[in-house]
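Everything on this sheet refers to the single structure shown next.
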Amino acid sequence: MAAKDEALQRIRELLGEGALTADPDFRTGVSWTITCPRESLVAVMRIFEECGFYLESLTGLDFQDTLEFVYHMNTYEPRARMAVRVLCPHDGEIPSVSGVFSSALWQEREAWEFFGVRFSGHPDLRHLLLPEDADFHPLRKDFGTVHAYRKREEVYG
Amino acid sequence: MGYWKDIVVGGWSLIEGMKVTGRALFKPVVTVQYPRKHLEMSPAYRGHIELKIFPETGTHGCIACGTCQRVCPSGVIKVQGVKSHARSGKVATHYVIDYTRCSLCGLCVESCPTQTLKFSTEYELAGDSRWDGVVDLVARMEDSRS
Amino acid sequence: MAEYFPQPAQQQIYSLNLGPQHPSTHGVLRVLLTLDGEYVLEADPIIGYGHRGHEKMGENRTYLQFMPNASRMDYLSGLLYNHGFCLAVEKLAGIDPPERAKYIRVICAELNRISSHLLWFGTFLMDLGAFTPFLYCFDDRENILDILDRVSGSRLTYSYCRFGGVSRDVDEVFVEQTRAFIKRLRSRWPDYHNLVTKNVIFIHRVRDVGIIDKDLARRFGVTGPNLRAAGVAFDMRKVEPYEVYDRFDFEIPTGTKGDALDRYRVRLEEMEQSCRIIEQALDQMPAGPYRQERVRLKVKPPRGEVYFAFESARGQTAYYLVSDGSPYPYRVHVRVPSFGNLHCLTDVLKETLVADAIAILGSIDIVVPEIDR
Amino acid sequence: MMEAAATSGAYWLRLIIGLVIVLIFSQLNALFLVWLERKVAGHIQVRLGPMEVGPHGLLQTIVDGIKLVGKELITPARADRILFVIAPVLVFTPVLVAFLVLPFGPDLIIRDMNVGLLLIFAFSTFSVLAILVGGWASNNKYALLGAIRSVAQAVAYEIPLLLSVMSVVLMVNSFRFSELVMAQQRVWFVFLQPVAALIYFICATAETNRAPFDIPEAESELVAGFHTEYSGMRFGLFFLAEYTNMFIVCAVATSLFFGGWHGPFGFSFKIPGVVWFLAKTYVLLYVLMWFRWTFPRVRFDQLMNFSWKVLIPLSMLNLVITALVLKLI
């Protein structure tokens, strides 16, 4: 548990107590959820990098009022997964963490391609899965047929 | 001396490998010569779906409720039914399914309230045009029965 | 590694397209190699040829309708993905399947893992130029496909699991066939070791080739046998035990250097461990219902999200489901192991020969449609 | 000894008949070898091999040949047209010349030259040249890589090949095949020169680009190596040349090390020499095929290391020991 506690402790200092919420019985598969503003994202990621975490997955969520990017971090210890949640307006920009984690290079290209959010500081932000001349962002809720387009509160209460 | 040992050990490992393939030469062959000999399919095999003929009514039991139409992930089923008279339920007259886009997942067979759909053990699904895949199961059942 | 590497000054650099139509890219993948003679300077994998938009399909289908998609992402471990998706939705909706169903799913999942490793073993050897082991592995793999076909009705895209159990029960014939298969597979290990593992040409082709050490693996998010070959014993079945994996005792094989030979050894050992799991599961499998009756076809989980990670044949796979209370998921994201495994090639392929590049690509065992989703 | 006067009509007649027989034999043999290889590969891999055309697929190669002749001859866009067309011819014709001197039977040598062995090795290097020309001219990066690799490979195996053969020639001090075979009347040279035989056989597999050394046309790396762009009968020629080359290499091995047309240890059980010669050659051909379906491919720099560090020193040492032993007796 060492790496996990050390990371938690340093993030608590950086972001303050309010940002962390626990999920003790691991019901949603994430032990700690960290909501962090866009500016301090790279700093949080650097802490994770130093504590031996790896960037497990980067997921984009499209709500009516905002976009949300969830970085799942994990290390090689049991129940050590943490989710860093970053809110960002539909036409906003998020600092790129590809400098810290090389796996973010592709994951951010994919997130940019599907959600249309630029990652500032990303060395070569070009299409990864879609053809070169694709100008649409498929995973946005306004593209193609979708069941529902909710606000963030309706899902996360 | 490692030089000579490598050569000897390396050479011996090559011969070991050749012994394995040498023995394999005389093992019985596993090929089934398909066009002449057919493999019979397992009982659970999911070929494309067909209408079951119930012995007591002598025909299919489809009441055209459209459950399978809604549950199908790729939406390949179209069912039309007609009411013989006011009170009784509907009976399906057309049950059109497009096999070219059916992913054989089996959700329709499971969700059918009257259990009238079943899997055939048909595995040669190729046709020479896309429209061969669109089949009316009721019509097929009629001429298969006659 | 290549001992001699020409100085940049006298290079004649040219680029070579490895793929998208190439005998050993295991799917439609194009690696743009910039070469100097036979030495690879830069490798830039270009993917997306097999992108079908599974995640978008998840947003306009009910949970059960997404089942066929689940087994079509990594078609070599279709049942593992089905199993994972079912567990994720059961965790989200709070459904607890009966004991027998759990054992059936674990046995079929491990059989599927063995069949995926067998196929990897055959194609990896074919990339190195030996054509015969491929046929022997497919001979074994055919047994597994017949067993699973008898139970689920399909050979590759299973859609066998349902929320709360499985769609068909297994019978005595299934248990006999599985035990016979394990006995037969174990009798063939000596042949495979004599033909391949001890072969001096094979050893020289894979030793110290494509080294993925711990740090590189962590930077690129590499998981599965490639990470275990680097010495990190990280297997979701042990780290976050799901289903009934905590009731079996099996080891997690790990390598030391993380070169192609270690990856090869780890995967062979893993097949043996899967056989052990299957045997213990077959012994402990109780009778009883194979499926929970009360579960409706149109599952409506409560609002919220679940991130369920499990171990597929290629590494750590995870379903991130966000539900807004309706029978249609709000967002389906699949964390895929081959994504990271392929991405680390950009660093691993530098300064290797073309022949080694093919060997490394074969040794990390990627399935391209899984990356493209 | 068996030749008529150099210019008399019978001499010319004999030469022409010999050439015609050789052409027919080498083609039929190549077709048979292709069928044999596919059947052997099949049964080694626990499958059947060709079964559809003719009993046990015997006519398969002939039908393939007709198909290849029927196929369109595609020349890539900016390929070097002349070289592209010449390459298959260049790879096929020198191989036929080697049949001129092969000792099929005591009186069945078409032209028993005193430089028989040298002639075979001289013409065998043509195939490397032809592969280079073919690979270079087809304007395809994979073909170019295959061509460069074949030259690198030729450098690696030519020297040990000749050195190992020299130790046999040293014992008989003549290049004439009939003398080489006659010297093995009682004991075959494979028992006197086991190391030379082994090295010769390893280099022979490398010369025909087969088994662990099929680096120029590495299917899984270079798509199809030097003959990627060839189609139709041009590819057919490359294919036939490889199998004819394989036969020649095994024929030379039989006559140098396994006693040509002699039976084992002098008793020939009244079986004609030709049958002995062909039987032994086909056994060696089977071993070549066995190699191909067992071993993975060697990387070409590993081949170079193996040749320079193992084959050449060993064959040179063998040559020196043979010379010393001959000197002392």
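Here the chain labels run A, B, C and D in written order, and each chain numbers its own residues starting at 1.
The working rule: a residue touches a chain if its C-beta (ideal position, glycine included) is under 8 Å from a C-beta of that chain, and two chains touch if they have at least 3 such contacts.
Because the structure is predicted, anything quoted here is derived from the model rather than measured.
Enquirer: Give me the set of chains touching chain A intersected with the set touching chain B.
Expert: C
Enquirer: Measuring between Cα centroids, which chain is at the maximum distance from chain C?
Expert: Following the centroid criterion, the farthest chain would be D.
Enquirer: Report the pair of chains linked by the most C-beta pairs in contact.
Expert: Of all chain pairs, the one joined by the most C-beta contacts is A-C.
Enquirer: Report, in whole Å, the distance between the mean C-alpha point of chain A and the mean C-alpha point of chain C.
Expert: Using C-alpha averages as centres, the distance is 25 Å.
Enquirer: I'd like to verify one number: the distance from the centre of chain C to the centre of chain D, where each centre is the average of its C-alpha atoms, in whole angstrom.
Expert: The computed centroid separation for chain C versus chain D comes out at 44 Å.
Enquirer: With chain centres defined as C-alpha means, what is the inter-centre distance between chain B and chain D in Å?
Expert: Each chain's C-alpha centroid was found; their separation is 50 Å.
Enquirer: At least two other chains touched by the same residue of chain B: list those residues.
Expert: Within chain B, residues 14, 17, 20-21, 24, 30 contact more than one other chain.
Enquirer: Scan chain A for residues touching two or more other chains and write them down.
Expert: If we look for residues of chain A contacting two or more partner chains, we find none.
Enquirer: I need the residues of chain C touching at least two other chains; which ones are they?
Expert: Residue numbers touching two or more other chains: 132, 136, 139, 195, 199, 201.
Enquirer: Please give all chain pairs that are in touch with each other.
Expert: Applying the touch criterion to every chain pair yields A-C, B-C, B-D, C-D.
Enquirer: Residue numbers of chain D touching chain B in their complex, please.
Expert: Residue list for chain D touching chain B: 40, 42-48, 51, 290-291, 293-295, 310.
Enquirer: Applying the document's contact rule, which stretches of chain C touch chain A when the two form their complex?
Expert: Its residues touching chain A are 47-48, 51, 53, 55-56, 59-60, 91, 217-221, 232-234, 239-240, 303-309, 316, 318, 320, 322-324, 326, 328, 330-331, 333, 335, 339-340, 343, 347, 372-373.
Enquirer: Across the complex, what residues on chain A touch chain C?
Expert: Per the touch definition, chain A meets chain C at residues 27-30, 52, 54-57, 59, 61-62, 70, 72, 74, 76-79, 81, 83, 101-103, 105-107, 114, 127-131, 138-139, 141, 143-148, 150, 154-157.
Enquirer: Write out the stretch or stretches of chain C touching chain D in their complex.
Expert: Listed in rising order, the residues are 2, 14, 16, 22-24, 37-38, 125-132, 135-136, 139, 195, 199, 201-202, 204-205, 353-356, 358.
Enquirer: Where on chain B does chain C make contact in their complex?
Expert: Listed in rising order, the residues of chain B that touch chain C are 6, 9-11, 13-14, 16-17, 19-21, 24, 30, 42-46, 71-73, 103-107, 110-111, 119.
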